[in-house]
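Some notes on the structure that comes next.
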Amino acid sequence: MAKDYNTILITGAAGRLGTELRKGLVHLAENVRVADRVEITDLAPHEEAFVFDLADAEAVENAVKGVDAIVHFGGAPLETAWKTILSSNIEGSYNIYEAARRNGVKRVIYASSVHAIGYYKLTDNIDETAPVRPDSLYGVSKCFVEALAQFYWDKFGLESACLRIFSSFPEPPERRMLWSWLSFDDCVRLVEAALTAPHIGCTVAFGLSDNKVCPVENANWGRLGYHPKDNTEFAREKVEAAVPRLDPHASATQHLGGWFVDLPHPDDEVSK
Amino acid sequence: MAKDYNTILITGAAGRLGTELRKGLVHLAENVRVADRVEITDLAPHEEAFVFDLADAEAVENAVKGVDAIVHFGGAPLETAWKTILSSNIEGSYNIYEAARRNGVKRVIYASSVHAIGYYKLTDNIDETAPVRPDSLYGVSKCFVEALAQFYWDKFGLESACLRIFSSFPEPPERRMLWSWLSFDDCVRLVEAALTAPHIGCTVAFGLSDNKVCPVENANWGRLGYHPKDNTEFAREKVEAAVPRLDPHASATQHLGGWFVDLPHPDDEVSK
Amino acid sequence: MAKDYNTILITGAAGRLGTELRKGLVHLAENVRVADRVEITDLAPHEEAFVFDLADAEAVENAVKGVDAIVHFGGAPLETAWKTILSSNIEGSYNIYEAARRNGVKRVIYASSVHAIGYYKLTDNIDETAPVRPDSLYGVSKCFVEALAQFYWDKFGLESACLRIFSSFPEPPERRMLWSWLSFDDCVRLVEAALTAPHIGCTVAFGLSDNKVCPVENANWGRLGYHPKDNTEFAREKVEAAVPRLDPHASATQHLGGWFVDLPHPDDEVSK
Amino acid sequence: MAKDYNTILITGAAGRLGTELRKGLVHLAENVRVADRVEITDLAPHEEAFVFDLADAEAVENAVKGVDAIVHFGGAPLETAWKTILSSNIEGSYNIYEAARRNGVKRVIYASSVHAIGYYKLTDNIDETAPVRPDSLYGVSKCFVEALAQFYWDKFGLESACLRIFSSFPEPPERRMLWSWLSFDDCVRLVEAALTAPHIGCTVAFGLSDNKVCPVENANWGRLGYHPKDNTEFAREKVEAAVPRLDPHASATQHLGGWFVDLPHPDDEVSK
Amino acid sequence: MAKDYNTILITGAAGRLGTELRKGLVHLAENVRVADRVEITDLAPHEEAFVFDLADAEAVENAVKGVDAIVHFGGAPLETAWKTILSSNIEGSYNIYEAARRNGVKRVIYASSVHAIGYYKLTDNIDETAPVRPDSLYGVSKCFVEALAQFYWDKFGLESACLRIFSSFPEPPERRMLWSWLSFDDCVRLVEAALTAPHIGCTVAFGLSDNKVCPVENANWGRLGYHPKDNTEFAREKVEAAVPRLDPHASATQHLGGWFVDLPHPDDEVSK
Amino acid sequence: MAKDYNTILITGAAGRLGTELRKGLVHLAENVRVADRVEITDLAPHEEAFVFDLADAEAVENAVKGVDAIVHFGGAPLETAWKTILSSNIEGSYNIYEAARRNGVKRVIYASSVHAIGYYKLTDNIDETAPVRPDSLYGVSKCFVEALAQFYWDKFGLESACLRIFSSFPEPPERRMLWSWLSFDDCVRLVEAALTAPHIGCTVAFGLSDNKVCPVENANWGRLGYHPKDNTEFAREKVEAAVPRLDPHASATQHLGGWFVDLPHPDDEVSK
């Protein structure tokens, strides 16, 4: 049977999640372009490596030419100095969307983040339509790209899924992650669902595994056909033994964004 | 143990779904009246056949006398000329409800349709309370009957379930049906749930199996106690191999009603 | 300055409200066709009379040819026998919409009714998006036309306003009408607003004056630009002196539809 | 591994549910204080008995000193005379909350009840945020405590879960309970989830097993991490054989509160 | 013209607002019973004085006998010790409702308070359906009475308006009151509207004048027919000159309840 | 009486709206800094001019030092090339917020735009909480700043009002502006309300006069205390005579953003 896509591009392909996606999406495309700022050398036969900075519009354009879908996981993955956020996440994502538009790409799957809505509380029970409340400049940049994705859909018909990944790690190392964890396999499932769903327009969805505690409503998973299979119960005993109970009055306990709400302004840090 | 109902009437009993309901609802009633415009000859001992047109009020009254519940699946099953819609679906259903009222019927289960809300998009994520947006005269007639059902509940205490069936076929033949499919068994489960739920007033519910992709919220399934057991994954490979990907910009891809949104006006067709 | 429309058609033009609309809409159109089942003889120079039954599709087509907008106030104005509702309100309105479509009419203003949502309570505080709850067959027919209007907008781009008129009389004769009254002048204002608003798609709005008590939310008046100027305070003393207080436990007091909720089934009445 | 709590207090510990909680929560705390108006004599080694009336503020204070969490299931469990409701449920619960505040208790799990919202209908499909509609003085007292719990969270940072238990019995003896049943094991699961969830502020949740019919939305179960495992299908045949179908027009069938909505005023009863 | 009521009872009639209501409601009833803990001596011919404590059920019963409507403004008007709240506001209001039920009173207008929802923020934009968030024991008692009022309507058909009065004083003495003020005249208008509206069931409404800033949605004013006529602009200059700007980060600035959110627990105060 | 602010900074002070704000806000501050890329020479005694580009972080910091509030109307006022949007609107606004934070500014009033939500339809009836749907890169930059403003409030306690100005011109030159117009005086009123409201956190509000047609819900005007006084009726006759009726099927007629939805991508234009 023909694969869903002829050629897809994965940005941030050398990163923690990019590495998983390279493995997990093999069956969806004939050719996979793997892009990162560092060179990827362990290429599979169906893979082609691209090395560039997302802020380099020409390099982005070059990597996007001939591509059917983009899995955009590149950019700064954490709170950092404004200049980096501006260049990697804002300019970089603009370059991706603009190249996608110029080259007739059909769908972009974007790694947004819980930090776009990190200032909501666990007790707010939000769904994906809640107005954004970022908890960091990093989160603000995610809001920017979500707005950009909506614009490219409404005006140019380029479909996007903005996946607000909570915490995707090999296993949950601390108590917050017992509810915020997205397993690598579920992360791949979520991206795959977003790539293959019949119609997504511009869809925002949360990136979570099927954990015991889930403090948000996942109203858009149905539209994507995402069904997580993992959860954190396997790690509960270990985590609870190793880490004391969260202080229920701590801001980091109460908010979706966790310790991001306690971060100082990154440009203050940088100046230190 | 006594069955739930003494006598039920199934209209459209010779049709695709009517045939399944004859088999599937056996355990719920002592006697089943099977009605259609064509004669049904393969009667089981507990069955009695009625042949009439729904627009014939007297014949309807005759078939409803002594009945405890009606499973009303009769009428034109697709977009067709206004005169047919008017006679079979509007007058016909009025006759059913009016006979039900006069004869003390307790509950009517009505085969409404996705086409009552076909102009919503998959990305609208509607639930059953969204204002109607029919995609056809057929769909408009479904809206009429839903309003009629609400009226007969509010004024006369006659309970109804209006089941908005999406696509109920032996198996999904095309890509849209990978999400819109209702298996025959789930269709029977849904009707059975509606017949046996403790209190339904006038309840609207969507008719879908437990498919991977589900672009609507099923807020009323809990009240009915409907739990679908089937899904389309068994057919995915075959369908995806046989049918090309849907064009995400096509109106038929984006709307719940599928290709109904592309239909011309039926009276234009008829005049051809 | 050019008038908004070259030619408009008013149906039910000999009726209570039709008579007001003939006077009130003069400034909006060069030519006004006034249609009713009875002949209108006091024609103004810009008026042309049409006499026909709405169920007569050909006559409707003939009256609609060359028309830019239709103010559809014809049909049975109260609860009555099903056969009359079916013919005058359902078939009749279908004929209007279908003729409008075939002849490129731009906008239809339809006299819907509170009786489409008469089973809501004053304490429900509904807006125009609440699912319909008709209180009569008359009300069910209003629901049918609203669904039809939505369909003709979604599929054929024919704009409609469905104005759910509460109680439009020269003055309020009873206590319920102290809140449900729509003055003749406000009725004209509402129709004019609907005819001249920049974009209405298919808009449902309530038809009420600016009365002291208002038990619904008028979320769509802004879109139409309707600003009622009248209210019932001028009549309060007279009404309260003449009519005893409403029984707060009476169904007719509690529901928007008033005494319609106490009506017997019209076909029962007819058979008496 | 250390237990979640050092010392917890269970009120109403001699009652139907209190007895289950004594068994079910063993693994969560080193020490369990079991309080009731009657003395509990079958104490386990980790248990300590307290005998007092909840209206006795000093005795309550004494039992709460040194406690980390309270499972407050004491008080009048059914509709009864106002004086009893006032003393046991209103004053009694105030004493609990006030002692909890003074003694730095971290979390109170309160046995609220369906009767706080008993006047909603099964067809209303409410979630936990619907304004209260109690069906009894008993229910009004539950509303009082929920308001009190919210106040103690907002002002003093004392976390609470208010669990609106529907019907928790060994098995469902009648038809309503086929949907309203909470198994003892699920009751324990719910309390445990509420005790161990990472952050609950003041959370209201419904107490139901995973029954076939579920007429409410459980939006807050995710936040607690409650996953019921039982349902009533095991008892359906027996119940349906023994008890006739519910009358769909009966108030007790239509409302969440069941037969509570038919109760006379308790002080009328008392005076008989 | 006959007055709306034969006899009404005003509790708290010697208080700040009670005094205004005695004057303002004159035209609505033939006889007015004015009740308070202190004796009222300046009686008008249509007035009769009652002196009792609300916790005295017999005295309440005696005052309510023969009454058509009750304007219940009595009870503790501010945060105070629990024992007082319990006796005056909880028991006292129960006595009022219970006497009203026994004596066929038609409507109770209850002075609820902003302090039933004082923990919402100005930026939350709540309407009357938001779950309660009291800011004081006083506020909790208001929540209790609102729940009780709903119960007496649902079960016994006794209508109530619960008016959540914000700040009703002769004029606004401080900055918060520039938005939270309810003039005495508007207070009378609100009570009058609640007494004369055609159907109110159990309606909760906010008590505010038409001030420049209004941080809540008044969805239920329409149902009551309340139209405030006053606002605080007349006092702005004076207040702003006398009082410094509010600190936007202060809890008392951000929450509807104002300085109530900063109050200590009243029983702590009492013990001082 | 003391003015509300000691020193405020107006950016874009040489622009169309900036010029009005210089006049209109005189009474609110002792000193006004007027900043623009071009030099302002007609300074009033209380004014001080600053000339700089918003992308120049140092110059921004310099202008903000010692300021109490900022009225940020600077930046590119229309769709334009990405590089300009990035520098003037994204970097420029970041510089403003960051300088505000470092210098203890209390409130920022930001000129956001209808183009942040331009892809909603007039018939969508949105309020300020609808997820963003920008119609241009310009609109995307407005979404970015709104997200940034929310972040600076949530994390640093810096209050903001984001005013989504529709069309602010001396008078409405075309038909769309009959509903989308914000008079200069109302624009000043809106900014003044935002500067003086008691608590705004981060508030988004629409910028519209009190026009006859209003296709959005203004849920947040109450919180700001904004009461528009102007409307477009004075200009209706002239506009309607000069400009033909809008095509109801045109995208620019149906969407809030008007002709922005028909714009090509600005970087395509630039390359022409």
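Per-chain residue numbering starts at 1, and chain names A, B, C, D, E and F are given in the order in which the chains are listed.
As a convention for this text, a contact is a pair of C-beta atoms (placed from the backbone, for glycine too) under 8 Å apart; a residue touches a chain by one contact, two chains touch by 3 or more.
Treat the numbers as computed from the prediction; the structure is a model and nothing was measured.
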Count of contact steps on the shortest path from chain B to chain E: 2
C-E or A-F, whichever has more C-beta pairs in contact: A-F
Chain pair equivalent in interface to B-C, over half of contacts matched, among A-F, E-F or A-B: A-F
Centre distance in Å when chain D and chain E are each reduced to the mean of their C-alpha atoms: 32
Distance from chain D to chain B - Cα centre to Cα centre, in angstrom: 41
Interchain centroid distance [CA atoms averaged], chain C/chain D, Å: 51
Touch relationships between chains, expressed as pairs: A-B, A-D, A-F, B-C, B-D, C-E, C-F, D-E, E-F
Complex contact set, residues of chain E against chain D: 82, 86, 90-91, 94, 98, 101, 116, 119, 129, 131-137, 139-140, 143-144, 147-148, 150-151, 154-156, 204, 261, 265, 267
Contacting residues of chain A [partner chain B, same complex]: 1-2, 4, 106-107, 157, 159, 193, 197-201, 203, 219-220, 222-225, 227
Chain C residues within the chain E interface of the complex: 121-123, 125, 175-176, 178-179, 211-217, 237, 240-241, 245-246, 248-249, 253-254
